[in-house]
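Consider the two complexes below, in which chain A is the common component and chain B and chain C are the respective partners.
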Partner chain A sequence: MTASLDDVARAQRARRTSFNEASARTRLELMLDAGSLVEFIGPEQREVSPHLRIFDLPEQFDDGIVVGHARLEGSPVFVAAQEGRFMGGAFGEVHGAKLTGLLRAAREIGSIPVLILFDTGGVRLQEANAGELAIAEIMRAVMEARTAGAKVIGLIGGRSGCYGGGGLIAGCCSALAVSEPGRIAVSGPEVIETNRGVEEFDSRDRALVWRTMGGKHRRLLGAADVFADDTVQDFREAALELIGLVGAFGPDRLKAEHERLAGRLRRFGTCKDAVDIWTAEGVADAETVPDLPADRFIALADRIGRTSRDAR
Partner chain B sequence: MEDLNFQHQVRARASGTRRSAVVGVVASGNLEVLVERALPDAQCVVDIRTAAMGFGEIWSAVIGDFVERYSPGGLKFSINDGGARPDTVSLRLAQAVRLIAEDGQ
Partner chain C sequence: MNLIETTGSHHGLERDDEARRGAKAMTSWQNNRGARDARIAAGAGLAHGKVVQARDATRLLEAVIRPGDRVCLEGDNQKQADLLSRALLAVDLSRVNDLHMVQSGVVLPEHLDLFDRGVAKKLDYAYSGPQSARIARMLFGGKIELGAVHTYLELFARYFIDLTPHVALIAAVSADRDGNLYTGPNTEDTPTVVEATAFKDGVVIAQVNEIVEQVPRVDIPADRVHFIVKSDKPFFVEPLFTRDPAAITEGQILTAMLAIKGIYAHYGVQRLNHGIGFSTAAIELLLPTFAERLGLKGRIATHFALNPHPALIPAIESGWVRQIHSFGSEVGMDDYIRARSDVYFTGPDGSLRSNRAFCQTAGLYACDMFIGSTLQIDLAGNSSTVTTSRIAGFGGAPNMGADARGRRHPSEPWLKAGAEADPDSPAALRRGRKLVVQIGETFGDKNVPLFVERLDAIELAEKLKLELAPVMIYGDDVTHIVTEEGVANLLLCRTAQEREQAIRGVAGYTDVGRRRDRAMVAQLRERGVIRRPEDLGINPLDADRSLLAARSIKDLVRWSGGLYAPPSKFRNW
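Here is the complex of A and B:
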């Protein structure tokens, strides 16, 4: 019974550990069944980036991502966790190849779900072409794994959020869980302001950034399926919930998703601000949403209901 | 980047059975330490790649103090440094020794 005692200790620590502040390795250690993680291509193999040295930049032995297999509530899972503090969690050649390989293993087996703990600013600029190719390969690998029957669950609550190509990959997942500090988008605030002007998006207006890209808005829009409080244990429970919730994948589900997105554009396309969208969704006192504590926000989001109509 | 290497003769073998462990991340003011049980019992090696140039003397003092205090015999330390302060380096080295002293793989 040592294992279950270990799991009680794990759960206690997971409940008081901020997902946002924890490292990728700590997130995995506390989220998965105690001692169950077996890493593929661990740091001792020193599969570092072949590009960073050219730029005289420091490398990390795992190239900023941990991949492996483990158990969640006794069942097998594949896992990947990005380290958002190394190069902003950005995708490089090796980093991306590790995730592609994991997803292809999931495709071959078909029945084992994949958890991706995103924490990324997008593609690493120093290895841009290799990184962009990695994003394309990963998106394809996600869709192939889903087609083969594997559920691919994205968990987003890290400091770097989920931006750039990471946002695209998240869009391919079966389901997403997000916490308030988790942000999901493709272009970041500064990128939008640089390209479209400050009238389009004022990147220094932090409240605007959070209510446009933050976890609460993503949950209310239906992009994320579950809202998690910022603890590792909450993300574990969200992952378990989503593994139970996700249904079979096929062309019908993709069509339903396209219809949901078209409907969203029709309903909210003219809204100038996230608050307008929440009001249109029927949220009373929509401007108070950013201040709601997690439990009251989850109750509100559940009341509005899953917007997915069998699609995300 | 600057590469540094330190080799020490130590009093005793580090305890525990784990083969390797990693602590920390490579970020500004931070570092990762990969420790492996890969050497004869009386030896300790520390390989460092650091983004901060010209601090070899301080590294030498920090590593010397660490080896004296913990006697990490049989261990090889590989460090990727993002410009961490000496106290952070000492902390990570101590964490690495504690982690590899645990039983298991």
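Here is the complex of A and C:
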């Protein structure tokens, strides 16, 4: 009985806590069943980055990621949450190894879903090759876990978004939930502007950034399957919904995913702006999409928004 | 030195010529009027009526401006006569050179390019935010001959005494064919600049976004405007007063809570001005939550001299704010202001009418408190935003943040502060005191300490051989310092030593704070000179972002019922 009372209190807090603003640990505390998280390689073990000290940069005892097992609505889950406020949530050697290990555990067991709470700018530049290798290992580990029967769900709504290698890993997941402030892409706005010029992409035009990489666009494109309002409770419900929806994974599904992506490119490849895509998708007054409140947007997305539920 | 003397005599010759011409015409007491008419005649060939094409703007300036002229190129911390500044930069140096720029803001790169190119030579100004590093380099390099760094009100005052412009280059939203100008919500400095120029035989040239049959309202009457240049694109306006609630830290929230309970509530401050920092934005966002729970609604923060800060929207919507007069406008706030004319000053057309000179005066004389942030505070309480590599100027803060010695009307906070400072004088003869509050975290941006033994401004003054160090707010005007460590009430200090220890006592773990005299600080705390969070009944752990009435720009849009339209750089949707 006490556990359920704890859960009522948890849910109340989760409903008024912004996922975007919360720390990685707060997100997990409020999203999972109360008190159920058991951390692997916690901060007390002080597995810190071997690279950052060379640059005289501060370390963090958990290297910016929390991994562990917990319960969600009574069922077991593996979880990983990146801390976007440490090094922009970037992947380093230890950070990456913790996520790889978690995914391999999921592969061995096969039936327990994995939740990854992304909040990352990509690879930690100071750990260059080790960070890049970590991305490759994690992508492989995601696909192996899925092949073994584990569902891998990405939840994206942190301040650092989901960029660089994080965007690649997200693309490998079984399904994604995203909120409006969440962004998903590989190259970030500043990178595009630096390489292709401000005429190609003005990184300071934040409305442009959000309608190109932000949660609403990703949902309408079908890259994300669920749009969450920016509360921890909403992400919990999104995770539960996706765990229920995701089907079995195999070569046929991967082929379907490739067809989905090819078809998307055919349909929208010539569009110059996200608004053009939304218009082509049949959204009336497409330019008003960024201003829609969450409930009206979700209704719109459910009506016309695509999903990758038959693919991925 | 040589160069200055040469141009000085050159300049003198020019004036002598004008004087001789005047003498021949037997109008020896109207030389300046004659010179003004000659300038207008020289420019008239390029104009249809008063309208000059944008492509002819440089030729117009070459025709109208004389070497050595005092020129006001309108630009302050918000709107910019950007087309005219580009046109001025392109002039033929043999016709226009060695100008003396007298302008509020040195903000655009072109403002300093003028000195690099030799179009301008001498500078009197008030504010240089984004150009603060480059202006410091150019002053060190001798590229600019500096008159003085002013406050806004001080520079405006000198427009009428010894810095009257020969030519004013101003910006407006629209003009009619006669030259009536609509300056829109960003009226700002324009009426003051035009008043000083047009009524003292100067020439006024306005860049406008459009020429219309009838202007929505007349902000500047046509007979004060001599030429109009239609710009291809609207004049630039910087959204300087928008603070994203998402960037407010818990430390700033704590300082805001301390200020509300320790100062606003303690004195019952109703009439005030806020600076533009994140701590004051936090105060604005705590009014409908934390302050409301303290029962302070209607008792504090009802009348403001303040730009239309988006962060104040939740307090306005919750019925806290009765009236706001503004220095300028703020990008994205136009529709909201129109719809809330009970609160803002608006014209017959419905849009905001701002006026920097009047609002500065209001802040100086009719407000009981100024509260703002700074970069450095020394042991006497002197504060400065100048560092050795940046000269940001003052803008208006010193006008708000100064005790108005000419004030004669009483008010509760003013009298109470006066009594705290001077308890022994007879009440009827005792001056009140303006509350001047500096608020900030002991370690600011990039962990730079707020408190210093010696201001960088002094070193700068020595390097540049200035007679005055650029001090933003003098220590004897500062009444309170608020940090996360508590509130120091300097009004209650009786000696310089007490004052120093009161400041060290709220300086936390900075070097200044660690050198405090522990016994004396403890004694000051007993006397209530220093009040810690627990003395005010505030638990620092309660300083949580969930206290903010809005935690994002989008929340502000929601509070405004969709009337606030934030510029793209502040959106995350």
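Following the convention adopted for this analysis, the second predicted complex is superposed on the first by the 307 of 312 C-alpha atoms of A that agree within 3 Å, B and C clash if a C-alpha of one lies under 4 Å from a C-alpha of the other, contacts with A are read in each partner's own complex, and residues count from 1 in each chain.
Keep in mind that, in the parts below, contacts are C-beta pairs under 8 Å (C-beta built on N, C-alpha and C of every residue); 3 or more make two chains touch, one makes a residue touch a chain.
Model, not experiment: these values are computed from the prediction.
Asks: Does the superposition put A:Pro290 against chain B (first), chain C (second), both, or neither?
Replies: Second partner only, chain C.
Asks: Quick one: is A:Ala207 in contact with chain B, with chain C, with both, or with neither? Answer first, second, both or neither.
Replies: A:Ala207: touches chain C, not chain B.
Asks: Is A:Ser18 touching anything from chain B or chain C once the two structures are fitted on A? First, second, both or neither.
Replies: second
Asks: With both complexes superposed on chain A, which partner does A:His258 reach: first (chain B), second (chain C), both or neither?
Replies: Touch status of A:His258: no partner.
Asks: If you stack the two complexes on chain A, which partner ends up touching A:Arg267: first (chain B), second (chain C), both, or neither?
Replies: neither
Asks: Just to be sure I read the superposition right, which of the two partners does A:Glu180 touch: chain B = first, chain C = second, or both, or neither?
Replies: Only chain C is touched by A:Glu180; chain B is not.
Asks: Thinking of the overlay built on chain A, is A:Arg196 touched by chain B (first), by chain C (second), by both, or by neither?
Replies: A:Arg196 contacts neither chain B nor chain C.
Asks: Could you list, by residue number, the parts of chain B that touch chain A in their complex?
Replies: 1, 19-20, 22, 25-27, 30, 32, 34, 36, 49-51, 78, 80-82, 104
Asks: Given the complex with chain C, which residues does chain A contribute to the contact?
Replies: 16-18, 21, 180-181, 204-208, 210, 214, 216, 290-291
Asks: Enumerate the contact residues on chain A facing chain B in the complex.
Replies: It comes out as residues 23-25, 35, 42-44, 46, 53, 56-62, 83, 85-86.
Asks: Which stretch or stretches of chain C touch chain A in the complex?
Replies: 246, 545-546, 551, 562, 568-573
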